[in-house]
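Going by the order they are written in, the chains are A, B and C; count residues from 1 in each one.
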Amino acid sequence: MKKKKLSRQTWTYIVVLIVYAVVEIFEYAGLLSSHLTGLLVPATYYAIVAVGLNICVGILGELSLGHAGFMCVGAFSSSLFSILTENSLPTAIRFPLAMVIGIAVAALFGFLIGIPVLRLNGDYLAIVTLAFGEIIKNILNSLYLGYDSNGLHASFTSQMDLGMEADGTMLMNGPMGISGTPRDANFTVAVVMLLIALFVAQNLINSRDGRAIMSIRDNRIAAESVGINITKYKMLGFVVSAAIAGAAGVLFSHSISTLQAGSQYFGYNISILILVYVVLGGIGNISGSVIAAAVLYLLPELLRALSSYRMLIYSIVLIVVMLFNWAPAARNWRNRVLASIRAKFGKKGAKA
Amino acid sequence: MALLEVDNLSIMFGGLRAVDDFNLRVEKGELYGLIGPNGAGKTTVFNLLTGVYKPNEGVIRLDGVDITGHKTVEINHDGIARTFQNIRLFQDMSVIDNVKVGLQNQYHYSTAASIFHLGSYKKVEKEYDDAAMELLSVFGLENERDYKASNLPYGQQRKLEIARAMATKPKLLLLDEPAAGMNPNETGELMKTIELIRSKFGITILLIEHDMKLVSGICEEVTVLNFGRILKQGKTREVLQDPEVVKAYIGE
Amino acid sequence: MLSFLNYLISGISLGSIYAIIALGYTMVYGIAKMLNFAHGDFIMVGGYAIFTCMITLGMNPFVSILIAMAVCLVIGVTTEKVAYKPLREAGSPLAVLITAIGVSYLLENLALLIFGSNPKSFTSVVSWSGITLAGGQLHIQGVTIVTILVSLAVLVVLQWFVHKTKEGQAMLAVAQDRGAATLMGINVNHTISLTFAIGSALAAIAGALLCSAYPTLTPYTGAMPGIKAFVAAVLGGIGSIPGAMIGGIVLGIIEILARTYISSQLSDAIVFGILVVVLLVKPTGILGKNIQEKV
């Protein structure tokens, strides 16, 4: 069984690599529209955030509606770093460093937000993570930042209030955000990051720390009774989850020309969108998150021909899939069908 | 010196004294029963011993060390492990992983090794596997190692819960109605398992049970609780024949 | 000082709208134990229903509101029956939550298809221009006064309904223990439907008042007020009717004052910041009760 588990993990990597290779070949052969090519990086970073969020929802068992906030801090911190060092560091050094910084800052925010949030339970935790996500987005959306010979200037009101010298450089321009981040991220880099995210997530599940986190999810009282430090492991799960979301943020900010902390990029609705990926991909099923994110992100985009009907179709599909997957009546029906298939092939199905 | 010494333990819920002036001595290696009618406060005693509740009065000493007021996690580190009346497994984890969680504090590697599977990961995981399999085989669960815990039949779930508690290498094991919901065959098997772990690991066991056959079959001493107070304490056979105890159980 | 008073009053007015939405949220949450993410969108549905009746069809505002309430009620109860009820017994609150998100998308996109993405400019349902006090220095708009009065009326009626009628008592029982309520002969499904009906109808009223005070209507009009109202419900202690009222009004006042005196862009951050602080001090909200898991 150990071997089987390992192979499943390896299979995930292989599938990702095959998809990557096929896409690259198609792109090289000119078979992909520029529209579709433009969707590759976003689809991949949504897959990464979904992996991150699945650690929080599926492994730690806490519902977070604020993961867009972690993406947001990862995006902005790494973007600032890249802009400041664009002329002094070569890309090959700058981008990995930006990645490390984005991840570290997101992890730090995960830690700081985790201190109050992880004391709460269930829906209270969900709404407070949502609140933190919105706070982060709101603050970054109204922050003006610039530097000149006198050093760094910051303001929450306007560019004017920065009081910079004439030769000063604007870094963050309130709702206009950051422009001119070097576009260091491409599909290849995104896939590498996805593989790393998968590696970390699946390793964690099959480890001492991961088991501790899952035991809290399954039964906090029993976990305490066998000496598991609840606070520590809850925090670990939350921080890892935030850090992975931060990595996705770095990819995001390094693949677009203007980074803005608007609702359409980092609002709670994005956190919810990612949650939809996680739930449909299977809670706790890491590779499922990747597939769900990729398919569900690309689906509405590819349905553009249907224009205004596409989101309507998407929402109906979402409801129907949920009912089909979860409603007891639908489950019973499915189990009957599966049982009859099993009976035909004489397999047993009691195993986990 | 007794392994577990409890003196004058009391707890109030609102105005109600759920446990009142509870005293107990459990000797090392002993199998001790805690019995009484429903609502007598037996599980509350367990919750007090494991730090789920803080007592209003009284002292709990384990192996001579005062552990009164310790948190649940610390009490496990102090050397008490327990099972629950309504089984609390890690239901979505595999059988072997349930035991491995219990082994958590004996085999260590760093968080970095957890995330990147570096360094001592492989070696220590092997130790986890071996130790977990050894325990599972004591309970006859080695073939179910990869089953999801919630897919086990009821009797095996009870056994797994004991195995998980044993994995923390406790000095004292608390079993909360281990035979609840079992048929006579399963109960008989459970009695053998309890005897076996006591002789194999030399552990001390305190158990709550309603099944009098089990209690009289394996417990050397019992305490009878009624309305939160001790009704009788002593050798099992003598206590169970005491008219007051019979009355408390069967009524007038 | 007078301008502060003015802002305070508009804060109470906005808060009253939040309160009406929050009342629906808190009842549904308390009784069906589900986070109905689509609740905010019922406001929007109510808004469009009134818009259609009052402006497109030229009907009387009062009749328009009644029709909108009926529309929301039907949609709310249907949603509950079709999308939520089959999942309720599945034991996964997350599944119901995601389905609610699906319903939210569905309503928004239906509105988008029917009414387009261009904002509709809404005419206030209150034609009264309001009162002027302090020698012309303090003007309170009619819609502001009506909003505050309506929310108070809603609170009083709901409190009476929940505590004095048989159906209301059934709601309390279901909220406390669904299993026990069933054993006592309460029709749980019926009670939950009734809760959705009341919550959705309230959302229509909130829609009328919201669009009258902030007269632009888009398919996404309800989303943010819906979230804010949920924050208000949590702030007040979810499941508590007076709590929702208090939470709503506190939130409205903070939002308007923060927008005026601190920063219009940071006002949302401040509102959410207050929620965080309150929950840290009192994890169950202002009037919430603490329930501990039994070992």
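Everything that follows uses one rule, which is that a residue touches a chain if its C-beta (ideal position, glycine included) is under 8 Å from a C-beta of that chain, and two chains touch if they have at least 3 such contacts.
All values reported here derive from a predicted model rather than from experimental measurement.
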{"item": "Chain nearest the overall C-alpha centroid of the shown protein atoms", "value": "A"}
{"item": "Label of the chain whose CA centroid is most distant from the centroid of subunit C", "value": "B"}
{"item": "Centroid spacing, where centroids are CA-atom means, of subunit A and subunit C in whole angstrom", "value": "31"}
{"item": "Approximate Å spacing (C-alpha centroids) for the pair subunit A, subunit B", "value": "42"}
{"item": "Whole-Å separation of chain centres (CA-atom averages), subunit B against subunit C", "value": "49"}
{"item": "Two or more partner chains touched - positions in subunit C", "value": "295"}
{"item": "Multi-partner residues of subunit B (each touching 2 or more other chains)", "value": "52, 84"}
{"item": "Per-residue overlap in subunit A, given as positions that touch at least 2 other chains", "value": "221"}
{"item": "Residue ranges of subunit A in contact with subunit B within the complex", "value": "1-2, 199-200, 203-204, 206-212, 214-215, 217-219, 221-230, 236, 240, 284, 350-352"}
{"item": "Touching residues on subunit A, where the partner in the complex is subunit C", "value": "57, 63, 116, 119-124, 126-128, 130-132, 134-135, 138-139, 141-142, 156-157, 174-175, 221, 268-269, 272, 275-276, 279-280, 283, 308-309, 311-312, 314-316, 318-319, 322-323, 325-331"}
{"item": "Of all residues in subunit C, those that touch subunit A in their complex", "value": "29, 35, 37, 83, 86-87, 89-90, 92-95, 97-99, 101-103, 105-106, 108-110, 112-113, 223, 227, 230-231, 234, 238, 263, 265-266, 268-269, 272-273, 275-276, 279-280, 283-284, 293, 295"}
{"item": "Partner subunit A, residues of subunit B touching it in the complex", "value": "50, 52, 71-73, 76-77, 81-82, 84, 88-94, 97-98, 100-102, 104-105, 107-109, 111, 113-117, 121, 124-125, 128-129, 145-148, 151, 164-165, 167-168"}
